[in-house]
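Presented below are the structures under discussion, each in the form of structure tokens.
Two complexes follow with chain A in common, the first pairing it with chain B and the second with chain C.
Here is the complex of A and B:
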């Protein structure tokens, strides 16, 4: 008895929202103690990133009725994190973010369980991500967002009418900040645009032309990038530049100062050198708090139905006054990532090796070093070595046979592709149709086209 | 490279050493340390404010453990102010953290002079009556004040200060100050010294677009009785002339010139925003005027006299395709002009100070310099007293908001947030705060809403039933995620007010947690 009083009392405020019926709620909303208990018991949520947003997200989710959380982050704590990543202290510097963040929240909020994963997001099996009801992203890189988005969209299956199958939908909530500005968005693969549908929202970083750096420098940044990208290699043949090594950074700074003096250019400072070389994005606690809170609220609403949801992209700008805007972006129906899959027509004789070669040349895919998976079977894996050896013999077999002679099915391929001249891991869903496999295929094709 | 500042590196890149110093000098008072207040202070303690004083008279209950990260099980039964203060201190030992176990409402009534020791007061979860009293106290004592409240899926943030003048407004996108539509003689002479038809292709494609445009505009003016292109056809023709100047397809400087040609067509003189500031009645200065308005008075004189209708030149130029030499020379020309403008303005400041009986050197050179550099971007924010807004709102705005689909939910929440305080004043609890009386509370709240709308002069306007029902469902709950959002906004406003950088919001921010279509209402 005492236990249940304590329990009720602890969720005093949240109970109002979860136990009472409402008028402006999702159609799926079923208020009651059961809903509250189910959230605690069954809703498993993954937070990707344990940095500025991740710390806030873990705290917010732990205090929004969720008790099963996991967090993944490959980074270690740095001194410059401490102005906003409030779960970390000076003595934590050097420790894995995910582990410290998880421990601090569990110490403070009793009953919450957080499993930390100190690794790269690509190190996890795809199936690791399948386990979560929602994936919440607190990241600062386009590549990482793109990867998780592809993983989550990869689970999505369409029925014969090209409608998304409910049970395969893995929603994501994504946040991002820069200075006084930020965004929060809800991604429901198959219904709302996925990260890739609106990739234009993240324009590639502008790089200085090498000839400007080498011949006509005009700004302090030009001098810094000259030292970093040209002079370093000239002087340190073979030694790679490490932005986290203070000696390296000081060398670049000194060289940049020399160059600036030579050309009569003002403004090279150590701080600017770090900023340019590491592409530092300024970050403060308040914006992270705002964006994470919006993401958490949307997560709670998606899982419980206790209110309407954000549809589907919120921007915040506090530079001049306060501007909050909600935009309803539309899905790209031909999206390579969240659509029904890139349709590839193949002869039944095409071998797996030939297929992998085709991916590299396919104009929409340009995917090299592909690993191929069909349902739960790895047809070919580039790594680790054991798996490569185990699957290598498949390369010379016809793909049609490896896939159990079905006339049409989905395969998932992972590999690398280049975006803005940078190599990135990528995951694609392909819809393969084997020519002449049987008559039904032709009809399917007609519908698909 | 100062080591102790390393932890602030990511924010120093936003507000600089000066902004940081202002934060480190500030003393902040928090009223009520539920999640809204705790989260506001958390963001400020991390950023390194000078001191915090937490004021709350309540004890920690079990329910607080479910929405406030700054308390834990060991705190139950203890002073909430003390517990929150202890946990906040953990975040940054450079901050002086104090607490007072007392109800803010009582403090407002019993000891109004208490608040004058602070730079800024953040008042959270206060009812209307105390808000109005505190507002007057802080206004009189010249203490910055921010109200913040979380209530179910809604809430608000409202700044209150008589006047907040910003020099460093640091807008995101602001047109650079190149004067291509009104070049001064040194710039013209520099442009004249450069031959656009230089035969060397490398030199040709490294002539900065500023030079190209100044020369082409000069040429155009000569052929057109001294006027610059103004009609669509003229602008098109001007761009064609620029295109004709290219000798190769890859000349980025000419592409930049065509793209920037609108800077030649732009009207001369100052913006309407700046015009409004120099014509503000405060620019008629006397011995009580602030430094800001003294400088505005000097600026007004400058624009009319030496400026020839323009503000002092900003003095910096954006990066552009150019040889190093020409770019650096161009930089020097802009810098020299801005330095000359600064000296004139400084002289005017001094004589104004003398005229109003103040020490002519009482405004620092650095301050005047910053003022000159930012003259085109000055901002003045003014806030009504809460009592004025509550008793005498801009009815036309109010009605507009109520009937505008984009604003009606936010406006509904604004009315409801006030109506629940009336409700509480009558019934000693908030609507839906306790189980069992929901239906009755809904109709009582409806009555309160109608009464309030009548008092505001909006007879006939309504708030939807759905929204009234939702407000009762919320039952005065303080949800952590909503509190973190509201607290985040409040702390960001604190930073803007204290650093005097960027532009604080003007109006009442209403959070709409239903579909996130929050709005800023000016009433």
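Here is the complex of A and C:
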């Protein structure tokens, strides 16, 4: 009996949102017990990252009624994580973050199931990501965000009017923090800007000139970067520096201290060395909590439709006073990652050369001297000469075969467009559909015919 | 926003054809931009490119520069380029693989070129970097030294610098350091 009381009280407040109609809801909102139950049974959510934000996200999502969660993280727990990554204890140091985080939340929140994945995000098949209704990101790097974004946008398909097809939309909720600052954003591929549409929002990484490091160091960071970037190679020829190897880090620290003494510079410490070399940003537990809470609420709203979602980028800045702002960024219609691309229908017999000629005539493209790339393969490169020679033999082959005989896929082309007698270089995304390819069962017969 | 019943349908479909598609390697936006950069290269006749990992790996390549004037006339200098998946958000990583007596290139191959570090901007491209390297070989400068000895000689005695460069390129010792022949 105690069990059922707990259950009721936990979903009571959520029920108020999910069981009753409202005015400020999404057009698809269908309140009722069915929605609540479906949410628990079918809404499978992936949390990427089990660090400062990830711990908060898992806890928040579990307490918001989601029962099917998975978490992926390649890192192991370090002592320095313990101040804010509250799911971890001292005895967990050295264990995989994803596994410990999943276990701890399951211990505390009954009925929730969390599957941990202790691996790199690139190690998973693309289809692994297809399974989730929403992907929530608690990451600290541009690279990882860019990768997940490419995967999620890769599922997106457009109809013939360049409208996103709803079943192929894989929304993302992205959180990020840096000290007192943070952001939460909702990415609905095809509707709101994807990560690449607005990558310019990320400030460039600070890099010191090498000659300053070598000749005129002025700060403790200069001394550390000298030991890391110049001295390391000088002493360990050929051996690559591993930031996760404590021996390597200690060596860099010792060298940086020597360097600092030589130039009379104060302030080189072991933790600063780690900070500079690994580009660690100071993390504040409460900023993570705020950003995670915003992300979790947006996730709940997206999945249930119980309220309108953030549109589409929330920034939180607690550095000087407190400023919170929501900005509605617009998507880049020609985005190579989330944009529809230009749809082209082709016969399966069209050769690569013919295809390149067609691009020149196509009214939407007028693209001459095209180089063509399909997935990770360069089908043809106009330049430099060495690549042109390596890819020239493809020109006489049917494009359909070069692309692995798939009925439909994306290719990217670069070349020169001329509009109003002005020439400009451009990079375009094309969506190729091969006529009748779906029906073809015996490839040899098709080519023969 | 999301229709749950569609999710249900999809889960059933997935269960039905469990082994559907082959895993596909995801290409990054950085690779696409690099594809554009490479296909549009407009190089000086002294510069050539090589792709040691074949035509499909553009992220790692080598640029060979054979200066046709200046201190380094006649030499052959190979630079390795490593491009990250978030290019052009991040600059290419460039190293000089040829050991060279040069004020702005150290003996480990680190290159002091502003656009490779503090002045990199995403509007720059591979062409700009190659021209930067070319410029560095045409006009070494003693103001941004990575090889302090070479910089001091260039500043105080350009003639001695010139003969030192020759000696290093022909192959031989300069003080304690051996320079393999690169002419």
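The rule we apply is simple: the second predicted complex is superposed on the first by the 332 of 449 C-alpha atoms of A that agree within 3 Å, B and C clash if a C-alpha of one lies under 4 Å from a C-alpha of the other, contacts with A are read in each partner's own complex, and residues count from 1 in each chain.
In this section, contacts are C-beta pairs under 8 Å (C-beta built on N, C-alpha and C of every residue); 3 or more make two chains touch, one makes a residue touch a chain.
Remember, predicted model here, so these are calculated numbers, not experimental data.
First (chain B), second (chain C), both or neither: which does A:377 touch?
Second partner only, chain C.
Please indicate which partner A:280 is in contact with in the superposed arrangement: first for chain B, second for chain C, both, or neither.
first
Who does A:326 touch here: chain B (first), chain C (second), both, or neither?
It touches chain B, and chain C stays clear.
When the two structures are overlaid on chain A, which partner does A:100 contact: first (chain B), second (chain C), both, or neither?
Touch status of A:100: no partner.
Check the residue A:152 against both partner chains and state whether it touches chain B (first), chain C (second), both, or neither.
neither
Just checking: does A:309 make contact with chain B only, chain C only, both, or neither of them? Give me first, second, both or neither.
Both partners, chain B and chain C.
Between chain B and chain C, whom does A:69 touch in the aligned arrangement: first, second, both, or neither?
A:69: touches no partner chain.
Please write out, lowest number first, the residues of chain A touched by both chain B and chain C across the two complexes.
Touching chain B and chain C on chain A: residues 309.
Going by the contact rule set out above, which residues of chain A touch chain C in the complex?
So the residues of chain A in touch with chain C come to 26, 28, 35, 38-39, 42-43, 122, 125-127, 130-131, 133-134, 142-143, 146-147, 150-151, 154, 166-167, 171, 188, 196, 199-200, 202, 204-205, 207-211, 214-215, 229-230, 233-234, 237, 301-303, 305, 309, 336-337, 371, 373, 375-378, 381-384, 386-387, 390-391, 412, 414-415, 425, 427.
Which of the residues in chain A end up touching chain B in this complex?
Going by the criterion above, the answer is residues 6, 9-14, 16-17, 20-24, 56, 59-60, 63-64, 79-80, 82-84, 86, 89-90, 107-110, 179-180, 184, 216-219, 263-265, 270-271, 274-275, 280, 282-290, 292-294, 296-298, 300, 307-311, 314, 317-322, 324, 326.
Using the touch definition up top, name the residues of chain C that touch chain A in the complex.
1-8, 10-11, 14, 20-21, 23-33, 35-36, 38-41, 43, 48-51, 54-56, 58, 84-86, 89-91, 104, 106-112, 114, 117-118, 120-122, 144-146, 148
Along chain B, where are the residues that touch chain A in the complex?
It is residues 1, 6-14, 35, 39, 42-44, 46-48, 61-63, 65-69, 72-73, 90-91, 152-153, 169-172, 206, 319-320, 322-324, 327-328, 432, 438, 465-467, 469-470, 473-475, 477-482, 484-485, 487-489, 491-492, 495-496, 502-506, 509, 513-520 of chain B that touch chain A.
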